[in-house]
Amino acid sequence: MKKILVIHGPNLNMLGKRETGIYGETTLTDINEALKNLAKELAVDVTVFQSNTEGALIDRIHEAAVEYDAIVINPAGYTHTSVALRDALAAVDIPAIEVHISNVYKREEFRQHSYISAVAVGQIAGFGVNSYLLGLRAAVDLVRSKQ
Amino acid sequence: MKKILVIHGPNLNMLGKRETGIYGETTLTDINEALKNLAKELAVDVTVFQSNTEGALIDRIHEAAVEYDAIVINPAGYTHTSVALRDALAAVDIPAIEVHISNVYKREEFRQHSYISAVAVGQIAGFGVNSYLLGLRAAVDLVRSKQ
Amino acid sequence: MKKILVIHGPNLNMLGKRETGIYGETTLTDINEALKNLAKELAVDVTVFQSNTEGALIDRIHEAAVEYDAIVINPAGYTHTSVALRDALAAVDIPAIEVHISNVYKREEFRQHSYISAVAVGQIAGFGVNSYLLGLRAAVDLVRSKQ
Amino acid sequence: MKKILVIHGPNLNMLGKRETGIYGETTLTDINEALKNLAKELAVDVTVFQSNTEGALIDRIHEAAVEYDAIVINPAGYTHTSVALRDALAAVDIPAIEVHISNVYKREEFRQHSYISAVAVGQIAGFGVNSYLLGLRAAVDLVRSKQ
Amino acid sequence: MKKILVIHGPNLNMLGKRETGIYGETTLTDINEALKNLAKELAVDVTVFQSNTEGALIDRIHEAAVEYDAIVINPAGYTHTSVALRDALAAVDIPAIEVHISNVYKREEFRQHSYISAVAVGQIAGFGVNSYLLGLRAAVDLVRSKQ
Amino acid sequence: MKKILVIHGPNLNMLGKRETGIYGETTLTDINEALKNLAKELAVDVTVFQSNTEGALIDRIHEAAVEYDAIVINPAGYTHTSVALRDALAAVDIPAIEVHISNVYKREEFRQHSYISAVAVGQIAGFGVNSYLLGLRAAVDLVRSKQ
Amino acid sequence: MKKILVIHGPNLNMLGKRETGIYGETTLTDINEALKNLAKELAVDVTVFQSNTEGALIDRIHEAAVEYDAIVINPAGYTHTSVALRDALAAVDIPAIEVHISNVYKREEFRQHSYISAVAVGQIAGFGVNSYLLGLRAAVDLVRSKQ
Amino acid sequence: MKKILVIHGPNLNMLGKRETGIYGETTLTDINEALKNLAKELAVDVTVFQSNTEGALIDRIHEAAVEYDAIVINPAGYTHTSVALRDALAAVDIPAIEVHISNVYKREEFRQHSYISAVAVGQIAGFGVNSYLLGLRAAVDLVRSKQ
Amino acid sequence: MKKILVIHGPNLNMLGKRETGIYGETTLTDINEALKNLAKELAVDVTVFQSNTEGALIDRIHEAAVEYDAIVINPAGYTHTSVALRDALAAVDIPAIEVHISNVYKREEFRQHSYISAVAVGQIAGFGVNSYLLGLRAAVDLVRSKQ
Amino acid sequence: MKKILVIHGPNLNMLGKRETGIYGETTLTDINEALKNLAKELAVDVTVFQSNTEGALIDRIHEAAVEYDAIVINPAGYTHTSVALRDALAAVDIPAIEVHISNVYKREEFRQHSYISAVAVGQIAGFGVNSYLLGLRAAVDLVRSKQ
Amino acid sequence: MKKILVIHGPNLNMLGKRETGIYGETTLTDINEALKNLAKELAVDVTVFQSNTEGALIDRIHEAAVEYDAIVINPAGYTHTSVALRDALAAVDIPAIEVHISNVYKREEFRQHSYISAVAVGQIAGFGVNSYLLGLRAAVDLVRSKQ
Amino acid sequence: MKKILVIHGPNLNMLGKRETGIYGETTLTDINEALKNLAKELAVDVTVFQSNTEGALIDRIHEAAVEYDAIVINPAGYTHTSVALRDALAAVDIPAIEVHISNVYKREEFRQHSYISAVAVGQIAGFGVNSYLLGLRAAVDLVRSKQ
């Protein structure tokens, strides 16, 4: 069974408790549950991981390389500032899909540049929780089309 | 039954005949067929439209306002240059979803700015034909969640 | 009797039906009627033209050269992106006046550069429908002062 | 009777005596007279004020707030450099209309940015003396439409 | 016999009637005739096409792919603003040569960037009508060297 | 007894009467009174000065040099545009503290550069009237620590 | 009793041991003691926290939300590079005050942009240890004025 | 006898009393005396004027037009920020020579752009008091060569 | 008989021996021979000159002024960095034509700015050796049309 | 015996397992062994440290200050984004040498700015594993020359 | 007797023969003669040197160090492009004065940056031949004031 | 025996005689001697070359191609301005190593861009004379690893 790692970047543990005007009222637990349900429907295995520390995210990506078939990642605030995270994704052989909850293009100028995009397969942004679910579908399609 | 309009921007009629290294070998006919199949599965109605003329795309968007529930649009070359297309999407009440076949962030600098993104609900890029299918799913989810 | 051509750029056909917070509730028909009324008062002849297609606007400007004494143009979205429209206005001998319904300087950064301004006689922006009427007055004064 | 204050910025006292290639041969006295005549025609009261000192212009704007219904201002050289003038116009409740004699978009790069535009209702530029007269009309229309 | 398509972009139909200080007094008909004469001398077939509409130029390029050996194109105002035109030239297999009548480097800043140059074989600019004739020679040399 | 000069820049005389959403409802008289009260508490002497004229502010700073121990200055609109004011503060030997009522970093881009900061000891911004009071405390601490 | 959390960013543990020309000779222990003393005087409770790890700072801010009334933060090097830290402050409901020991506007260009400023209530910079004490006062005033 | 007006901009009244590391120890009185002496030697008449107020400098330039043959101006801080001063010099028919005491190219970046240079005949900078004396010589040579 | 000077800039002596992927395998001797042959066909006299030293190229251009009717120049690396070379071409009365072997617009960003273009009659780039031959034709046409 | 600390930044633990086209096939273990061997040859003591966490790298640098004579650091992805790491190196008294495995100047634009360079003694880049060995030599020479 | 070296940069040998609209009709010989005459009057020794080669100018500056008391240099085209020339002037102990014949601030944008200014004592520009004579005076005053 | 060419760029002949604060007191002769000694130790042959003329440096590089195995080059002032030098290094097959005596990243902004870096194998900067010695070692290692 194909294995997908879903990585939540910094501050996503606060989801649903914070700035609900931008991010909605769904919590991270709700998202993880929705991901598990869709995984079951698509017959894949999903693991989730959240950290606020750049280095911990990098460590997790390195470990993923030997165990997972694809990564779905919401790099959150590190999207715009982390070359190290970009290098981590480039350093592993498995494909990564970048997702964002909000439409970053309606927000501050600095949120419109991503260090991650050029090393990801593709991006999905602006659909709230559904960004993750579409990202999981994209990952599964990608992994299966490579078989 | 919900109705979705899928708009293909300039040069997409050449798909599968051109630069296959970047865009793959699928033709526009293939994409449209895949969209129709998924539409049937999701129980929605899909219409497709392609034009190389900015004004014709704008006209079609205006007409769509009274008949469709959502737009999935690949603005292609006009993504980076057309304020008029942006204004057309802003001028109609129905939601738009921006899709791109290639990962524009791996290409020329000028392809990394979109006039469309800020007036779309969200973006999906880099998944080849699948960008359209994920876009259609996103549109359907969006339309249904608003009911 | 002096003849003035009033050109409405892309999306202005949607006026009054769209983003009324920015553009107000007056429709294009209302504007054209107001222009006709003022034309009668000023004893000039006014023709109106609207298109969403850059090329069609250029064609109309070329034709105008032999028949009209001045052009009042709201280039809308093409203001910020069309060198071709600029060249068309520069290519004809009759004076052009650039008008905008909204105060573009209160909007997005990209709306603050106009390719048209340097080839127009002058600009009028921010007065709603009245921008057109002031533009028509300016055109008539200009044409008459040249006699 | 509605009262309009017309403010002339720095160096406009030299009008008609200076750089006539750019600004024409009309003097400030001519303009003020033309404004008075139009005011009579439009049945409003017009006061004129000129100063070369930024602080004096600001003081005059503050005073205007309690006595006038609108301001027509040609900020001249301060257009491009004065945040303090912008703040003065923002600090008073009455609407301001920005006018320029020449078409600033045909001149030096630095003349194409205005600190005033975003706090004015609208702009009129390039019509010589007529910019002021159109500005007065715009002010009167504005004031009357608010009644 | 080799076939070359010569494409004239927006406003070139006004040639000889407009801004003769920049573009000279030769009309488009004169240019086309000169091209036909040189074609006869070089024993190739030349077709000419002019349109002011971006989409029409793109359509014509797509059609050319199956019938012509090379394109000589003066993209005029679209040179600086059209990614769609660039993509159209990239989408067809035949070589394109970019020509300009005037020396664009002596003109406005914005005329010094071309979206077309990177997808053309080469550029010829500044020689008036002769730019087209040199472009035709270059095209013929190119086509013959590939045989 | 230590003497502190508090300088209010342009438009601050309108405080409490203007844009209360940004600046609050406190008037300049209120601020001056609060400053006097705190001065009494801290056992220092406070003088206040307000002008809308750049030159008058400069003159006042020059005079202060021989009489005061420190300056607390809210340069308001001149913060972002006045090299002359910066040079005036650099020209006198006494320390200056820059204060702002609003958090300028939440406002327009141009308000985020200060010509004054590099010649001031420090900055305090965003605390409303309290910015002045904290500024006065900082000035007093500074003056006393130098003894 | 109101509770204030004071957060010291990266390298502040080295204070007094490093670059004393810029930061002075006070150690972090001295600062914390001075904060405690002032807290006692102001009858509030102060907790201090220092970490060199971005993620640890974020975690601490998240925890603070349920226990503290305000945050005083010196983000040090992360001021200029951390969107994640900005998002953390934006994600919690309690007000934050940004303090800096040195006057960053006298230092390198890159130190003059702060990601934190726009989500903080206000900034205090350049007063050495006193920046923290003024920050604590500001926090207390803020918290009390909201009661 | 030819008449030359020497204008000293803002803060120059503080010369010799301020930042002597940059500007030296000569006072404005010393400079004026040296100018008078050289004027006698060159058999011309010199008047000096200093003000810290932009508007006062502009007024003085306007008046000079009818009485003086040339202006030698050290615009000091207004060099870099005053379009109004530039316009004043452009508005009068007599030639202006821009002088600076210090070598501005060794100082802050913002001191390296002058709004005045393009409307002056020439510039002299970096020679301390001698900049004025060389400026006076240049003015005299200029005025005499025009006779 | 008309005389044309062909100038080869720095490193062109290495042609055919270097980076053949970009510049092809033709040597400078081959090019010079092809130029001589075409010169014979066109009945003009061609002299060639190559140097790696900026000053030597300038000296040669100065000398050319009295002897030649036109210059065809490939400024190579000096294209992007030499104002002195630009000034040399501007200083002589004979027309210059700028040629490049490769299509510089497909290469590094810094190769896309030319100091030479604005003082040349026109540019020809991207046709390999043929750039020189087309340049020679253009020069001859130019020289003959001026007779 | 002199002691040198060699710090490996983020993702260097993946060396030899990742992007071997850019970084070669040597692993971090190989590098560390080569460093140990050279250390023996040079009669110094070498300790190695690797972490993916910015804060952990900072902590290690702080500790190093009391024990080591010099630091050789490959900051990897943090080179371009970490002011905190720069401040850590500036905060300790021992010299640092910046090394990079690849020639960063042949890679993405953003890799061409280093926050570290200005606080390091010098840089060595592009020599693969040898960059470290040259860095160690440089460190030893530096430390010995200071004795 | 004090010795001054006057250095003329590239293309100045063409003076009076070239672009007389910008540089006037005086030849280099005329300038050198005028310099000799003034030198006699000021009782100093003047040597002149001209070269079009950057390296030759640098060599001459190096040699000057041991023989001359000051340099007056018109770096012409190398002003804007030569770091090596700047370094040469910085490498010698004698003061340099930068002169320009034309007012560079009225010309192309790229002529408004000088690599030389920051290493020169001062600049004199815009006075035609007189720039050199004023420069010589400045040099003599400087040399004598240092005695 | 392997042969290495060491090239010293402009002004390096002045080393030890100039700006010793930046470059130290070692002369070029000292450096060359140290290089010869190390060459003997490493059993390679070293030739040194210095010139202040860009063209002479290019000529020497061209000649080197047939005789040497590697180049160690300190391009000095030409580092930042010479595309021609870059092209010369790219045009020869042997590897080049870029060295700088000072840490250019601590100096002026313009010294932080190198045209040479992208065509060199690697860079070594900031170690004084040792930069050359490390560069020679790097060259020897490189040449030997290629055998």
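In this document, chain identifiers A, B, C, D, E, F, G, H, I, J, K and L correspond to the written order of the chains, with residue numbering beginning at 1 in each.
Everything that follows uses one rule, which is that contacts are C-beta pairs under 8 Å (C-beta built on N, C-alpha and C of every residue); 3 or more make two chains touch, one makes a residue touch a chain.
Here the structure is a predicted model, which means the values were calculated and not measured.
**Q** Through how few touching steps can subunit A be joined to subunit E?
**A** 2
**Q** Quickly list, by label, the chains bordering both subunit B and subunit E.
**A** C
**Q** Report the inter-centroid distance (CA atoms only) between subunit E and subunit G in whole Å.
**A** Centre-to-centre distance between subunit E and subunit G: 63 Å.
**Q** Express in whole angstrom the distance between the two chain centres, defined as the mean CA positions of subunit A and subunit C.
**A** 48
**Q** Distance-wise, how many Å sit between the C-alpha centres of subunit C and subunit E, to the nearest whole number?
**A** So the centre of subunit C lies 31 Å away from the centre of subunit E.
**Q** Could you pull out the residues of subunit F that touch at least 2 other chains?
**A** If we look for residues of subunit F contacting two or more partner chains, we find 53-56, 81.
**Q** With touch defined as at the top, which chains are paired up in contact here?
**A** Touching chain pairs, listed by label, are A-B, A-G, A-J, B-C, B-E, C-D, C-E, D-F, D-H, E-I, F-G, F-H, G-J, H-K, I-K, I-L, J-L, K-L.
**Q** Could you pull out which subunit G residues touch subunit A in their complex?
**A** By the definition above, subunit G touches subunit A via 53-56, 58-59, 62, 81-88, 90-92, 115.
**Q** Quick one: which bits of subunit J touch subunit L in the complex? Just the residue numbers, please.
**A** It comes out as residues 103, 105-106, 114, 117-118, 120-127, 130-131, 134, 137-138, 141-142.
**Q** Using the touch definition from the top, list the residues of subunit G that touch subunit J in their complex.
**A** 9-11, 13-14, 17-19, 51-56, 76-81, 110-111
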